Amino acid sequence: MKPITRNNTFIVLLLGLLIVFSFASLFLGRYYVEPEHVLKLLWSGLLGSPLDSVDKTVVLDIRLPRLFIVILVGAGLSVSGAAFQGCFHNPLVSPDVLGVSAGAGFGAALGILWTNGVTGVTAAMAFAFGLLSVVVSLLLSRLKNESSILALFLSGIIVSAVFNALISLVKFVADTDSQLPAITFWLMGSFSNTTFEDLGKIIVPILVGIGVLIAVRWRINVLTLGDEEAKTLGINPGKTRMIIIAAATIITASSVVVAGIVGWVGLIIPNLCRMIVGSDHKYLMPASCLCGAVFLLTVDFIARVLTPSEIPIGILTAIIGAPFFALVYKKTEGC
Amino acid sequence: MKPITRNNTFIVLLLGLLIVFSFASLFLGRYYVEPEHVLKLLWSGLLGSPLDSVDKTVVLDIRLPRLFIVILVGAGLSVSGAAFQGCFHNPLVSPDVLGVSAGAGFGAALGILWTNGVTGVTAAMAFAFGLLSVVVSLLLSRLKNESSILALFLSGIIVSAVFNALISLVKFVADTDSQLPAITFWLMGSFSNTTFEDLGKIIVPILVGIGVLIAVRWRINVLTLGDEEAKTLGINPGKTRMIIIAAATIITASSVVVAGIVGWVGLIIPNLCRMIVGSDHKYLMPASCLCGAVFLLTVDFIARVLTPSEIPIGILTAIIGAPFFALVYKKTEGC
Amino acid sequence: MQLAVIKGSYGYHPENKVLSQISFELAQGRIMTILGQNGIGKTTLLKCMMGLLKWQEGETRVDGQVFTSMLDRDGIGYVPQAHKTVFAFSVFDMVTMGRSRHVSIFGMPSKLDREKVLEALSIVGIIDFKDQLCSQLSGGQLQLVYIARALANEPKILIMDEPESHLDFKNQFLVLKLIQRLKDEQGISCIINTHYPEHALRISDDTLLLGKGQYGFGPSHEMITEANIKDYFEVNAKIYTIPGLSNQKKAFTVVD
Amino acid sequence: MQLAVIKGSYGYHPENKVLSQISFELAQGRIMTILGQNGIGKTTLLKCMMGLLKWQEGETRVDGQVFTSMLDRDGIGYVPQAHKTVFAFSVFDMVTMGRSRHVSIFGMPSKLDREKVLEALSIVGIIDFKDQLCSQLSGGQLQLVYIARALANEPKILIMDEPESHLDFKNQFLVLKLIQRLKDEQGISCIINTHYPEHALRISDDTLLLGKGQYGFGPSHEMITEANIKDYFEVNAKIYTIPGLSNQKKAFTVVD
Amino acid sequence: GETKKDETGEASKSERTITDLAGKTVTLPAVAEIKNVVIIAPPLLSTYVSNGLSTDNIVGVSAIALTEMNKVLLDYFVPNNKEINTTFVSSAYESNAEELLKLDPDIILVYGDTQKKGLETIQVPVVDFFIKNQVNEDWSVQIDQLMREIFGLEDDNSLQQEWDIANKKVDTILAEVGSIKKQKGLMIMSNTGDKITVRGAGTYGDDWLVKSGLVNAAAELSGENIEVTMEQLLAWNPDIVYVFRGLPAAQYLSGSIAGQDWSQIQAFKDGKIYNTPVGIMNWGTPCADSPLMIQWLVSKNFPEKLSDNEYQTILKEFYERRYEIKLSDEMIQSILIPGSGK
C-alpha cells in the first residue's frame, strides 16, 4: 500500500472509531438507561425539551458533557504534543515541557488551599498560573542572547521544578484531612462530574488551539529542519514557534482546568502515530488529534464502566497506554 | 586562566567548601549544643566512649549520620546524572530516566500500604522495585532488534509512566488519614530522621557506584561520540553503558531508599558544572560529585534550621537551586 | 539582482576577526566563487552575507538596499552542506519546503507549488527518487536534493557552500552545468564556496580569494593564477590547458 | 595485515541488494581506492567490511581469519566523514580517543598514550591547534583531526570515507602524501572511498570500481581507464598526462 | 532494647513494661514521673482528655488533634491549647527530632510506623496504638484501656461500660425495627467539589452504617476513600447519606455544589443528608465519643424509634458523666450540626 493511501485510511479509520465510541459511551454506563430511551432523550435534548428524570440527568447532564470534554482534551493534548515534538525537534517532548502543567497544578493547589475546596477560583487560578509558567519559561530563556531550544527546555525544566516544588509546599502546609486529598486527587486528573458549564469554559480555547495547530502543520515540517535552515527558507522559526507555544499552552491549561493533569497522552499518542503515519506533520497532526480523542475516550469509558469506583484517568491512561504502545512500538520498523 | 588550571581550582574550591560545610552542619541545628561540647563529643565519639546525654544524641545520633547520608546522596545523584547525560548524549537526562525513581517510589508506596508505615520492608521494596524498573526498561528496549538510545528513553518513559500511575493507584486506595500523607511525604524526599542504620544500608552501594562512575569517566567521553564511532575505536558502547546504568541505578535506588525522591540535583548540578568546567568528563565527573554534595548539604542545612517542622528536601532543592542555576546559566557563554 | 558586501567584518571572538573589511560586488547574472584554505572563513562569509550571522562591521546590500535577513527579502536561495535530518521526509516533501515563502503560516503548498517542485526536481535530475526518504539517501544524493530545494523557490541568487563536495564527478559535472545553465537561461547569479580551482576557472566570472589578513576579488582568470595560489595557499600549483580537447579547458594541479 | 572480502552481499531492504557478491583481496602495505557513483554503496561497503553493518552473505577476512567486528580485533583504523559532536572536546582530547583500545574501562590515558597522540598530531600537522575545541573547527580541519585520531592507534589498515571531501587542495595534497608516506614508511594499508579518480591514479595500487549490478577490482591503472569510466559512470572522461611536469603525473577530466 | 539509664540512675526501680497495641513491649517510667507527654496521633488526644488526665502535662501534639476537636468545646477540653507546641511535627506526622528533644518528653504516643519514624534514635519510650480491625467499638475501647494503663488509672470507669449501655439501646431499637427491608446508607469520605469519595466495605464507616441498621450502598467497593461518579450514586440511590469530610451537608441539600446534581437521589428528596457530629473529636472515626455516635446514627436512621429530644438527653448525660460538662443548647448545636456555630 502506498504511504499516502495508508495514511488516509488510518485517519478515516480513526474518525470512524471516534464516532462509534462516542455513541457507545452515551449508551453505556453504571446506570442502565434503555437504548431507545437514550435516543429519545438525545432527540428531545436537541429539540430543547427533555423531560426531567433520572434518565435525562444521566444521559444529558452527566454523560453528554463528559463525552465532549474527553474528546476535546484527548485531541487537544495529543495534537499539542505532536506540535511540540516537531517544533522542538525532539520526540520526547510533551506539551507541558515549558511548565504549563506544573504551573496550573500550583494554581489549582493554591486555589484549593485558599478557598478550602475545588471552586471556580481553582479553575481560574489553574489557568492563569498555567499561562504564567510558560511566560516565565520564555522570559527565562531570553536571559541569554541566543535563545536556543536547549535554553527553552532548561527554562521549562527550571520552571516546572519550581512550580512542582511549590505544589509540594502547598501540600505540605495543606491540612491532611481535606485539603491534601483534594489537591492530590485534583492533580491525578479525572473527568468525573464534569458539566456543561465546564465544557463551556474550554470548548472555545481548545477548538481554536487545535485549529491553529492543525493549520500550522506544514510549517512545523519546515521547523524540523532546524532554525538556521528554516531562516534560509524565509521562515521565522521564533515567530512560528511562539504561535505553536501559545496554542498548545492554551489547550493544555484548559485541559488541566477541567480534568487535572492528564499525563502520557500528549507524549505517547504522537509517537504512536508517528510510527504509523511517519513524521510528516501533514498527516501526523490530524492523526494525533483523532487518535488522542479515541484513546482518551476508550480509557474514560473503561474508567466509567469497569468498576463502581472511578479510577483517576491519569492512572488508566498510563496503565492501558503502556502495553499498547509497547506492542505497536515492537511492530513498527525505524522510529 | 588556562582551562585545566581553572578546572582544578574549581574542584579544590568545592572540596574546601564541602569540608567547611560539613563541620558547620555538625555545629548548628534547632537544638543548641555548645560548640566546644560538639568537639568533645566528636572526639569521644571517635574514641568510642561518648557520654550518654541529649547532646550526644543530637550530635552523634542525629546530625552525624544525616551529614554522611546527605553527602553520599548529593554526590551520588549528581555524578549519576552527569554519567547518564554523557552516555545518552543528552544534557536533559536525569538519573531516573530509566524509571528507577518511579519504580522505587512505587515499591515504597506499596510497602507503606502493606505494612502501614515506613519500615524496613518499605526500604527493601523501594530498592527492589527501583532496580526492577530499570531492568524492565532495558528488556523493553530490546523488543526491537536495533536497541537505540531513543528506544531506551521511550522504554524508560513508559516504565516511569506505568509506575507513576501505579503510585497514584496506591495513593488512591491508601487511607487518607495516615497512609496517603505518609506516601505523599515519602515521595517528596527528606533526610530528617535518618540514622546510622540507614547510612549502613547505603554507604557501600553508593560509594561503589560513585567509584565506578568516576573511574569510567574517560570512557564516557568516548561514548559521547556516538555508538558507531565508539565501535570503530574498539569500544563496546552497549557494555560500557550497561556498567554506567548499573552503577547509577544502584546509587539512585539507594538514595531513594533513605531520602525519598530527591529530584533536580541529578539534572541540574551536572549542567551547572558543565557550564563551568566544560563537557570533558575527566573534570565533569569529579566536579559534579563534589558540587552535588555541597549543594545538597547547603539545602539540607537550610531545611534543618529554617523551620521547626522540616520542609521536604525536594521542595528546597528546587526553590533554592532554580534561581541559582538561572544565574550561573546567564553568566556563562555557549551551552 | 545585484549583491554587494561593503567592508564586512566578523569574528567569533572579539580579539580574533575571521573576516575583516571584506568588500566586493556581484552584478546580476554572474557566477562568483570563493576560494580559500580550510578554516579561513568561507562558510562564515556566506552566513554573514545571508544574515544568519550578523556583520560586526559593514553590511550586505542587495540592489543597493541594506540586506539584513533572508526573512525580509526574497530572491536568495541557499544550499547548505549536506547533513541528515532528525525527522525523515521524502525527497518531494523536502524540496517542497523550498516553497516555504509562498505558503502562508496556516496554509498548505498549492498546486502551483507542487508544479514548481516537480520542475526543480527534473532540472536537477532526481525526479526518479522523489518518493524516497531523505534519511536513506547517500550524502551525494542529499546534496542534489538541497539544490533542488533552493531552486524550487526560483531564486535570483543562489548561495552554495561546497555544493560539489560529496558528489561524484558525474554529478559534479551535472551541477556545474546546471549552474551554468541557470545563469545563461534564467540569469541566476551564483555564489559558491569551493575547493576546486578548476571548477572556479570553468564556470565563474568572479573569484574571491580569502587568505589570512588579506583577500582579493576580481575576474576569475585574473585571480586564479599560479602566483596567487602560491600566495594564498602556500603551495606550488600549475594551471594549464588540458591537451587534446577542443574547448581549451583549464585544469589545475598541485605540484611538489 | 592482509584483508579480503569474500562474496559479500548487503541490502537495506530485502528485495534490493546494494552490494552483491563482492570479492577482493588487499595485501599488506597496499593502497586501495573505491570509486563509484553517489549512492552506489561505497560507504555501505566500508561499514560492512568493518562489521558496523553485518554482511548478509559472505564475510570479511583479516589474515585469513573471519573478521566480524572492530571490537574483537585491533589493527584497523577508521576515519569517518567529518561531522560535529554534541559535546565539545579539544583537538587533543579528541585524538586521544583514538587510543581507546589501550585504555581500560576504568582507566585514563597513560603517558605513552599522550605521546602517541602528540606524534599523530604532528604527523598530520595539526599540533598547533591541539587545544582548540573541535566544535569550533571548520569541516576541513575536523577531517584532519579524525585522521590523526585513527593514526593515534597505530593501525595496520586505515579505512577512510572520502577523506579529501572537505579539504582544500593543499590539505588534500598533504593527506595524500601522508597516506603515501604511511604506506612507504610504516607499511600501513589504506582503503579509501573517493570521488577523485586522479587521486586514485596517483596513490592507489588497487582500485575497486562499484557499479549497478557489477564491480571490478584490479590494479588502479588497469581499472581507471576511459572505457571503464564510461561503463561505470556513464560519462565521457579523459585521462591524460599533465604536460610540462617531470613526474608524468596523470590527471582526469570529464568531457561533454 | 536496652534499658534506659536515667541520668540520676535510681528511677529505674519504678520502671514498668507494657505491651502496646502493635504488640511491642515498651518500658515506661513510673506514672508519677510522666511529666511531659507528646501526642502525635490525633484521636489519642481525645482519649487522653476523656479520661480526665491533666492537659498541663501535654507539651506537644500534632496540630490536627486540636483542629479535629469541637471548636466551642476546645477550651473546656484543652484549656492550655494555645501553649502546646504543635510545630515539632509536620502534617505528615513526621517529627523533627531536635525540636522534639527541646520539649524534653517522657513519653510519646503514636499510631502506626509512619509516626514512629525517626523516634528510634532518641531515647524516649514510644507507645504505638496501631491496630487494624476497622471495628469502631474495638479500637475505641482498646485505646481507652491502653491509655488508662499508661497513666495508671485503676478505677473501672472505662469506655467499654459506655459501649455496653449504647449497644443495649441500639439492639433494642434494631430488634423492634426487625428485618424489614433495610435502608441504604452511604458514608461520604470526602467531597472536594470535583471529586466524591465514599467509604466502602471493611472500613470504620462501613461498620457505622451496618451496626446502625443500614446496608452500605457502597458495599461492593472496599476501602476508605474510593472515588465515585454521580452516575454511580444515581445507580445506588442511597436513602441516607452521612458526610464525614469535605463540603458540608447543607450544600448538598441546597443544590449548591457545581457539577453535582443530588436532587434525583432519595436521600436528598427525604432531606436525609447529615454531617457526622463533632464532639471531643469528629465522630466519623472511633474516639472517646464513639458510643454516642452509634446512638446518633440510629436516631437518624429510625427517628420514630429514637427522637431528637431523647437523643439529646443521652448526649447531655454522657458528657456530664464522662467529662463533667453541662452542655448548653449552643454546645449541643455545635456538636450535632457542626459548622453551624461561630
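We just call them A, B, C, D and E in the order they show up, numbering each chain from 1.
Note that contacts are C-beta pairs under 8 Å (C-beta built on N, C-alpha and C of every residue); 3 or more make two chains touch, one makes a residue touch a chain.
Just so it is clear, the structure is predicted and the values come from calculations on it, not from any experiment.
A.B. asks: How many links in the shortest chain of touching chains run from chain A to chain D?
C.D. replies: 2
A.B. asks: Could you run down the chains that neighbour chain B and chain C together?
C.D. replies: Expected: A, D.
A.B. asks: Any idea whether A-C or B-E has more C-beta pairs in contact?
C.D. replies: B-E
A.B. asks: Greatest Cα-centroid separation from chain B: which chain?
C.D. replies: Centroid comparison gives C as the farthest chain from chain B.
A.B. asks: Rounded to a whole Å, what is the gap between the Cα centroids of chain A and chain E?
C.D. replies: One centre to the other, that is 41 Å.
A.B. asks: CA centre of chain B versus CA centre of chain D: separation in Å?
C.D. replies: Roughly 45 Å separates the two chain centres.
A.B. asks: So how far apart, in whole Å, are chain A and chain B when each is placed at the average of its C-alpha atoms?
C.D. replies: Distance between chain centres, rounded to whole Å: 32 Å.
A.B. asks: Got the chain B residues that touch at least 2 other chains?
C.D. replies: Expected reply: 172, 176-177, 180-181, 184-185.
A.B. asks: Could you list the positions in chain C whose residues touch two or more of the other chains?
C.D. replies: Within chain C, no residue contacts more than one other chain.
A.B. asks: Which chain E residues sit where two or more other chains touch them?
C.D. replies: 90-92, 190, 223, 225-227
A.B. asks: Let me make sure I understand the interfaces: which chain pairs count as touching?
C.D. replies: A-B, A-C, A-E, B-D, B-E, C-D
A.B. asks: For the complex, which residues does chain B have touching chain E?
C.D. replies: 29-31, 52-54, 57-58, 61-62, 112, 115-119, 172-182, 184-185, 190, 192-195, 304, 307-310
A.B. asks: Which stretch or stretches of chain E touch chain A in the complex?
C.D. replies: 64, 67-68, 90-92, 190, 192-197, 200, 218, 220-221, 223, 225-232, 234-235, 245-247, 258-261, 264
A.B. asks: Where on chain C is chain A touching in the complex?
C.D. replies: 50-52, 69-71, 74, 78, 80, 85-90, 93, 97-98, 100-101, 103, 105-109, 149, 153
A.B. asks: Where on chain B does chain D make contact in their complex?
C.D. replies: 86, 89-90, 212, 215-216, 218-219, 221-222, 224-226, 228-236, 240, 243, 278-280, 282, 334
A.B. asks: Provide the residue numbers of chain B that touch chain A in the complex, in ascending order.
C.D. replies: Against chain A, chain B makes touches at 91-92, 140, 143-144, 148, 150-151, 153-154, 157-159, 161-162, 164-166, 168-169, 171-172, 176-177, 180-181, 184-185, 188, 263-264, 267-268, 271, 311-312, 314-319, 321-322, 325-326, 329-330, 335.
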